[in-house]
């Protein structure tokens, strides 16, 4: 039982989520979102759902981030809020 | 991204690593039956390999590997494999997607379903990789790409 | 472990997912930047996924991959193992795919919006739309009425 | 087993799989020849229409059809259940979609130039999504198809007016995502306390745990989610823009079907997952729904009066009409329920016809401001006549479909002792007259200054035919409402409200 | 807008917490979802009926294969939607 | 009295004839002669069909036909009884005259959109006959709404802002009425489970609580706003902006009579004589319409525009009919019902004369009509005939109905109602005699240079004037209106006079 690790990671999740929505630089926000996804994937794997964790790592931290960043390349990088 | 694209080291590394990623993706797809992984994850990884390639060598190069038409056809094909499997089950007298009904190996529906699950996973994989690549190609900026400017 | 910690521990995932959902939901509604909204949507959805996965977990359980692989020779050994609930995993695999699809479409829309209005800030877009659309204004309505009475 | 019997057994699944496969294959068909997709869609929709018709007839004759996907028994596998309710809704979907697909030929060519193939692909997938949502007996499967239909709807709406369409679509996406997430959460809650995903199974398990707070929360999340999906009044913000700025084909399809299916889903979840006594008496959810619907009826009508864009006007009118359906459901008595269900059919016919007309006018003249419609009655007599019939139907003139549902709703309100709802319905009739009559005045009485000599200039036949058919049906079902009511609506209401001692 | 958003979010949160009181505890093996016949059936029968050891895959591709077909259709839809939205012309 | 129900498609055909004609009118819109030929043919066929049912009705039978069961227990059905055929004969017979008159009028003024005009006219006539033949409230409501909608383009025909706003007013009043009527129908259905008219009133009406019953009666009467009861009369003078044939047929006969007809149907065939008496509603209604009778006459007195004066006169006369019905006595009923055709013939004569004046002399105001009778003697004589009828002077028809009404009032010993009838007769005289006086005896301001209206207009108005006299001289000729009315009254009171 590694619930301390669990809780630490869950805490990080909340921190990442708040950071992702409040940071003004969108690229940073996206990278933080990517980190959020990765942590989420680890949490899930730790909860014995390997398939979902695997998928989240590939999708959330991979494809979604790529798509976000390419979108940023075609729009603008800063947010007003 | 131009800085990265000109770096020889990265280009070489990517050129070497992409086939391995693809291989890994195929493994993930096929391994889905007995361990974590499956068509979707494998498809995403396979797609990511080509996306990585396209990011480094430019979308034009990427499109040479995976043209739009091929992309569309692959996307359709993957799904058609899936749906056709379901329809074959119907033709063989079962319900839609009732793998056991297909008389591939007599008296062992579990084995049949194992193979058909693999087939279906491959179908998913094909669609997912095609769509992932198509998503990337469409979302990424067109101006860096000379071919598209001619259109 | 103290009593309070016990309660917190027993349901800590739920508190986290509630928090994450609220953060994501707030971003979706209150943030003016369109990409921020989508980031919010992602957080919102993953929070729900977290709920599902928490639901599936069983203390001292193991991943729902049958121990011992193929064949019946390990069957007696497998009977002792507690597996986590596989159903939510399956559901969430599907839901993740849905989420990434929604994100892709949303990003494509954002690119289109940026091409049309040159901004991804909601209030800027709103202002631009008001300027571009005289035909839906009250003025136009009255002009329409004036045309009737001219006759 | 002969081939015919084989197909007959599998008709339920084919209802969804035919448009699905057709949708996958559209890119290939379009790759062969760009003109083919339209014929392809027509063919697919026609087949779906036949299947849906057959399904309903089978249900009427021999009762509910169950189809076990993959051959797994219900709680374990996904199950398709076609009863009167979704057989009926499926037929409506299939029919409206067929009409719109005929209509789409010229309209899509003009409004979505150069993208017809993906457009049709998405079109078919939208139908798939709606069909899947309707026909399924499994709540998670429902969610998957809900997302298919939502994603396609976002894409179709974004194809409309430059800029506006995209923004409308984006707003819809945000709202739709919230709705879908709420529904997903609700599904999760119900799964957490029952351990099943099958609707019928869930309905059996739920009554023993109604005191559980999770169940109530699930119901609340479902209601909010579906309210967003149908555009019920306080949550309607996405709807007017989306309907206004979508391409005509998409507007007709989405206005005709999306909200209907949302309403269907609401009914299904309220009476097919939870039990009537829980939603009606224990929680009083139907009562809340009825009041919200009454508010929607009035506000929608009033806002419609303030619009000068015809599609926008129709969109607000949709908000009010959705209120009718939900009011009928919310009354939760036999007659009110009949009215609400009947209005699903009626509103689909009327609103689809109206949007098709708006599209045809836009196609021919490029005008959407209804104050510029002068002389249109002479220029496009058939189109405007269709508009007239459909609009009179919306007003509720007897002999058209609008009357029959209004009659039931009013009667149902009286039965429920809710006189205020009767006044709401009647008042909204008056408001409907106000906003539709402006259009009549402009169409029939105007003298356009700019055009001295008005020539007849109708839309092409592929656009006219579906409109005329819909208008004729508006009258047909107005006069012969007995048939849908007798064969479908009445037994359906009994079934839903668990009257007549059914299990 | 921000106040309204906060309001809505807090209400939603309140609803979630309200429901949370009756949710089964985390990791509880006696939770209804785990003890439901469905879950047990899957764990027992995944191998003999589907021939795969990964129960999630068995569920995904076999028992709930139709969901997965839908999921793939969603992916495909997204691809088509993005093509529709961003492609300038048909190729 | 045994009432035999005879199933026959004739009522449906009678209604549909002009519907079919309206399609043909549209199809031949480019050829005026053929177009109007269709109108004529339809008018004759319609009248023929209606009159063909008369012998059956006179034997005391009813003709029924169920078109379609729209909703379970809610059919669209026709039932022709004596009262229905009375209204149907009146309107279909007069359509023949008005068709002829319309052709003359529209062509003389070179009106625009004549196809639309004839089209709507045909639909309106169908609706009027449909109302007459309706077997139940829902069918009646259907045609009632159809009548409103089809007459709107006729009212707003000239398309000036004034016409449009009058049209709007017309629509507003009548649609509110329609909604109110629908509400009432719903309530009736809720309590009784049927909407079918019955000679003794719908069974089950007596179960309605007293307050609800009163409210129901009020909403029904609001629903009959086509009958132009006083607070709801404003649409009628406004509608006078329509071309005169429209005013003549629709706003002297079809539309307003449809309102009155509906009111009578409701009072006698839905509520029933017993319930009206039992609940005391009849008395309130009688006083209420009395106010309309007097007030409208006073309004008429103040109008200078001839058509408006006639309109107010119509408002006042319509209330006679309802007054007769609510008196509940056989005589009162006879008077009220008989006034439907009688007033129609007289008022249409007056309107057609007014139209003739507009076409030839371009005069609408009474003060401008000095000495006009010298130039247009035939028209003005016909006008005089109509006016005398309205005042109630023998031998023109009007006196017959007034006599019956007075008898009815006298039977009840109601001095107030008798006084109302007398005062209104005096007021009638007061607003009609000046017209006649001005036309015949005043010297024109300057030389008048016009002649009679075209024959297509003159012949109908002379004929209707003659009919007005005939029905006054031989009111009891066999098969005439009085016969029909007697049967109708016998039906509702359950016995002979």
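For clarity, chains are labelled A, B, C, D, E and F in written order, and residue numbers in each chain start from 1.
By definition in this document, a contact is a pair of C-beta atoms (placed from the backbone, for glycine too) under 8 Å apart; a residue touches a chain by one contact, two chains touch by 3 or more.
Because the structure is predicted, anything quoted here is derived from the model rather than measured.
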If a chain touches chain D and chain E alike, it appears here: B, C
What is the touch distance from chain B to chain F, in steps? 2
By mean C-alpha coordinates, which chain is most distant from chain D? F
Using mean Cα positions as chain centres, tell me which chain lies farthest from chain A. F
Work out per-chain C-alpha centres and flag the one nearest the whole-protein C-alpha centre. D
How many angstrom lie between the centres of chain B and chain D, each centre taken as the mean Cα position? 36
From the mean C-alpha coordinate of chain C to that of chain D, what's the distance rounded to whole Å? 25
Could you give the separation in Å between the centres of chain C and chain E, each centre being the mean of its C-alpha atoms? 12
Give the residues of chain A that touch two or more other chains, as numbers and ranges in rising order. 49-51, 55, 59, 63, 67, 71, 74
Two-or-more-chain contact residues of chain C, please, as numbers and ranges. 9, 12-13, 25-26, 54-58, 61, 63-65, 69-70, 87-89, 91, 93-94, 97-98, 100-102, 104-105, 107-112, 148, 151
Two or more other chains are touched by the chain D residues 20, 24, 27, 69-70, 140, 144, 147, 151, 154-155, 158, 166, 191-192, 197, 441, 447
Chain C-facing residues of chain B, complex: 34-36, 38, 40, 135, 138-139
Looking at the complex, which residues from chain B come into contact with chain A? 1, 36-38, 40-41, 44-45, 47-48, 51, 55, 132, 135-136, 139-141
Residues of chain C touching chain D in their complex? 25, 28, 34, 37, 41, 44-45, 48, 51-52, 55, 87-88, 91, 94-95, 98, 101-102, 105-106, 109-110, 112-113, 116-117, 125, 129, 132-133, 135-136, 140-141, 143-145, 147-148, 151
Per the contact definition, I'd like the list of chain B residues that touch chain E in the complex. 32-36, 38, 40, 68-69, 72, 75-76, 78-79, 82-83, 86, 96-97, 99-100, 109-114, 117, 120-121, 123-124, 127-128, 130-131, 134-135, 138-139, 151
Hey, which residues of chain E end up touching chain B in the complex? 47-54, 57-58, 60-62, 65-66, 68-69, 71-73, 75-76, 78-79, 82-83, 85-89, 91
